[in-house]
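Two complexes are shown next, each including chain A; its partner changes from chain B in the first to chain C in the second.
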Partner chain A sequence: MKFITIDKKNWAKGIEKSRETYRLFGPVKDKNGVFIRTLEKDMLPDMTINDSIMSVKSVLFPQTEKILFTTLDEAKEDHHIMKRVEFDSSPRAVVGIRPYDAKAIELVKMNFDTDDYRDPYWCDAYEATTFVGVGINKPGPFDFSTSAGTGPFSESGLDVLMADLDNAYLAKILTGKGEAFMKSCGFEKNTDEKESQALFDILRKEAEKNISSHIDTGKLKGKTVLELHEAPFWDDIAFACINCGTCTFVCPTCWCFDIQDETKQKSAGRFRNWDTCMSPLFTKHATGHNPRDSKTQRVRQRFMHKLKYFPDKYDKGIMCVGCGRCVKSCPVNIDIREVCKIMNSYEKNN
Partner chain B sequence: MENPYLPYPVRIDNIEIATEDKSLKTFKFVFLNPEDEKKFSYQAGQFAELSIPGVGEIPIGIASSPVEKGFVKFTVFRTGVVTSHLHNMKIGDIMGIRGPLGNWYPWDKLENKNVVIIGGGFAFTTLRSSIIYMLDPANRKKFKNIDVVYGARSPGMLLYREELYEWEKRDDINMHITVDGTNDPTWKYHKGFVPQIVEQNAPKADENTYAIICGPPIMIKFTQPALVALGYKEHQIIMSLENRMKCGIGMCGRCNIGKELVCKDGPVFTLEQLNKTPKEY
Partner chain C sequence: MDTCIQKIREIAFQLLDKKEVEKVIGFSNGTIPMATSPITIASKQDTEKLVFNSTCGLNLANYIRQQKGKIAVIAKGCDSRNIVTHIIENQVKRDQVYIIGVPCNGMINKSKIKSLFEDEIQKFEEDGDSLIIESSSKKEKLKKNDYLRENCRLCQHRNPVIYDVLAGDLVKEQIIDVPYPDVEKIAALEADARWIHFQDLTKNCIRCYACRNACPLCYCPTCFVDESGPQWVGKGQDKTDINTFHFLRAFHCAGRCTDCGACAEACPMDINVRDFTRKLNKDTFDMFGWEAGLDLTKRPPLDAYSPDDPNDFIK
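Showing the complex of A and B:
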């Protein structure tokens, strides 16, 4: 594995140089907090803040995305025939992505890139993107990533993992895509592999020690879907929920979407928008019948999907990376760690 | 790989009013590009997204049969924004179809079996597709006895009436047509609800008999005990579900019942499968 040292004095210049090849995205702080934004000229990713309010998912899966268009003008030959919106396939890079967000992208990929269908919008964006991560030296109190299949220095889903060493970044090149990005920045100063890896290991262990909250999912697999679905605790869990959907929007692994058409004069567009299982409209039939009519049913759907349906379906762990955003953002303090504990420890009384 | 969100362009070739209250119309579509018809190769029991640019999409069961070539047919109940718009469209209008989507009735498993088809109201579209498929001269010998129980509120609310009366005359299919009630003195078929007609007329189950049910929830609820009384086991009862759908390809996340997605893992499930999933449909 190749390691590169980057003197922080050269960081801004290198990032600027990469723009010749890449469109850049990264965490940016504004008056509302830290968000993942397009990095316009002279903007640098904020590498110091552990958790952005929203995750990186929007780089591949924008909150609103036009997917098809056509003309309704019957004088035109191809009226009412839909076409794909032109896709910008030029390389893009997310700089400063946290390891748990990269892991989340791996999980979401299982939904959009399947044996039967390939979602061209998500997959094309994924293929165009290089993920340049930075390890989290001091995880915050909401971080439970180490017990959710990732961690502050986890490498899965990343092309480069960097460690912040005060005056320098130490970058571990994980893929060819990562190598190409570093080259485009002009960062090519190799360092000793053994020493660098040892340093990464120390930083990882230190960071992991700072993580004080954990979940236990070990007993979920042994319970049936119906056992958990019919368990008596869901009303209590859902009691305070106001179905605002914040948890689903901030979640890096929530991918549900809606498709809507819009027209403007003679042109029609088909859009996909983030949707949320917290909304009653999400499942409401045209007849008025709604299979998840009550708040409790919707809250149960969210936790069952993350902690039972997804792990049962793919056998790749839970659909949660332990970033803690939903815990931090929930206006009524519903905590997935608590829900997981209740589900995992539930024993049906026979 | 193809873009699964991109509909095949089609032209409305014919529109027929399907029921006396005009709430259902049957639309016949022809593909603008003949090669798209080959790509839209389907099995009886599948559905498609009817796609009206600028309005939206709706998932509808395919009413034409794989053995009918040159067109596809859908019978649509007017209920929401897209279906109301579709009901106001004209022959010659251009729109789109995305599909075929979902799984289908298990035709491999049904070979050399007795098949009982039970339908109610306007949930008879994919069942029509299935009957036409099974009665096709190339296919009829693959199946043993075929029984059909189909009911609607009144004679004028039965779908595909002319075909029903044709099938009634044949000796290779046992039709049990019923209506909830009628004042028509010439009505020569059954009167009564579907579950009751099933109980009285459907064949008793042996291990070589399967039932396919499609209908409103209330009909399904009361037909199940009737089938159990006739000896049908959970794996011999095959059902087709509906849920709100958008993508139709298992990605948008709303139509799940447990870990199964009705649009991709379904819409066809056996009662045995459904009994292991939450009843969120």
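Showing the complex of A and C:
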């Protein structure tokens, strides 16, 4: 594995140089916090903040994306025939993301890129994107990533993992995509592999030691879906919930969407928007029947999906990377760590 | 306010013990600093879970509709005004709710406090008028009054307007000479600047609808943004659609809003949606001398007809 040292003095220049090849995205401070946004000219990714309010998922899966269009003008031969919106396949790079967000992309990929079906919009964006992560030296109190199958220096899903060493970044090149990005920045100063890996190991251990928040998911697999589904605790968990979609929107692993057609004069577009299982509309049938009509059913769905259905279906752990965003953003403080504890420790007839 | 919690627990215990109510709706401690969570207590053994402090910024009137049997609810001044509004609008019956009134000294502005820290807040304590807040890098002792939410700073109804029992001594009401300085400031802007203000305000809106869902007034079975036949508004991130939601929601609350601040409190993007509703609160006050939720016998001005209405068009 190749390691590169980047003097922070050269950082801005290198990032600027990469723009010749890449469209850049990264953490940007705004009035309410940090967001992952397009880095316009002269903007650098904010590498200092542990996490952003919104996750990196929007780079591949925007909250609103026009996917198809057509004309309604019947004089035109191809009227009412939907065509794909031209896709910008030029390389893009997301710089400065946290390792748990990259892990989340891998989980989301299981949904958008399967043996049976390939979502062209998500997959094409994924293929065009290079993920450059930075390890978290000092994880915050809401970070429970180590017990959610990732961690502050996890490499999964990343093309480059960097470590912040005060005056320099030490970059570990993980894929060919990562190597190409570093080259485009002009960052090519190789360092000793063994020494660098040892340093990464120290930083990782140190950071993992600082993680104070943990969940235990060990017993979930042994319980049946029905046992948990019928458990008596859901009404209490759901009581406070106001059924906003905040938890699902800030979640890096929530992938559900809704399709909407919009027309303006003779042109029509088909859009895909993030949807949320917290909304009654999410499951409302055209007949008017709603299989998830009550708040409790919807809250249960969210946690069952993340902690039971997904692990059962894919056998790749829970559908949560422990970023803690939903814990922080929930207006009524419904805490997935607590819900996980209740589910994991639940014994029927207890 | 911290002394009233014992009283709240005692009252709740008695009510459940004597089976006067089915359950008590209040706040419980949160799992993270500066958080409390609405909770329903059905057994007297659980009344110890009830808490009340300066982080209880949500409005519990939002939780009392469609409950079975008689319930008790803890109500600050603003919550009690929304209970009045619910009663007027036939959402609950007066004899169905037992109101445990809590005179209020204001709730804290959590985002203002968070902005003092570079890192995450790890500890929050309230000691009388002081707030003690710690992150891993620093500790701050703040005066609560300097960190009140704007709606609490300008509140003129801190005492519950309707209650069955009080959990604390009534507090002195604030006399506010200029009750709408924020509205006046925005109104004084040129039209273009005003437009930019509102564009900037909603810039980060993700349409989670937390503002709507935290609001006791927003109880329509299907909100206009969720209607699909006809569809009134697009569902994506188009600015016009986002603004349409905010404008129409505000108009829908005209003459009904108590400025409880739950909308702004719930917003994950810290959008002060009160910039919309407060203009309408000011208008209904200026035009009709009306403040919502103060009187069980009067309907909100926009759903009442009066022969001596000052406007000509209605005659």
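Everything that follows uses one rule, which is that the second predicted complex is superposed on the first by the 349 of 350 C-alpha atoms of A that agree within 3 Å, B and C clash if a C-alpha of one lies under 4 Å from a C-alpha of the other, contacts with A are read in each partner's own complex, and residues count from 1 in each chain.
Convention: a residue touches a chain if its C-beta (ideal position, glycine included) is under 8 Å from a C-beta of that chain, and two chains touch if they have at least 3 such contacts.
The shown structure was predicted, so the numbers you read here are calculated from the model rather than taken from an experiment.
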First (chain B), second (chain C), both or neither touched by A:S55: neither
First, second, both or neither for A:S18, with chain B first and chain C second: neither
Touched partner set for A:Q260, first chain B, second chain C, both or neither: both
First, second, both or neither for A:Y309, with chain B first and chain C second: first
Partner chain(s) touched by A:D119 [first = chain B, second = chain C, both, neither]: first
Chain B versus chain C as contact partner of A:D30, first or second or both or neither: second
Chain B versus chain C as contact partner of A:M82, first or second or both or neither: first
Which superposed partner A:I67 touches (first chain B, second chain C, both, neither): first
Partner chain in contact with A:S184 - chain B first, chain C second, else both or neither: neither
Common ground on chain A, meaning residues reached by chain C in one complex and by chain B in the other: 258, 260, 262
Contacting residues of chain A [partner chain C, same complex]: 30-33, 35, 50, 53-54, 62-64, 138, 140-142, 236, 239-240, 242-246, 249-250, 258, 260, 262, 271, 273, 276, 279-281, 327-329, 331-335, 337-338
Interface residues, chain B side, partner chain A - complex: 1, 3-7, 9, 32, 51-57, 79-80, 83, 93-96, 217, 242-244, 246-247, 249-259, 264, 276-281
Of chain A, residues touching chain B in the complex: 67-68, 70, 72, 79-84, 111-112, 114, 116-121, 224-226, 229, 255-263, 268, 270, 275, 277, 282-287, 289, 291-292, 297, 301, 304-305, 308-310, 312-313
Residue ranges of chain C touching chain A (in the complex, touch as defined): 30-32, 35-40, 58, 62-63, 111, 119-120, 122, 136, 203-204, 206-210, 212-214, 226, 228, 234-238, 265-271
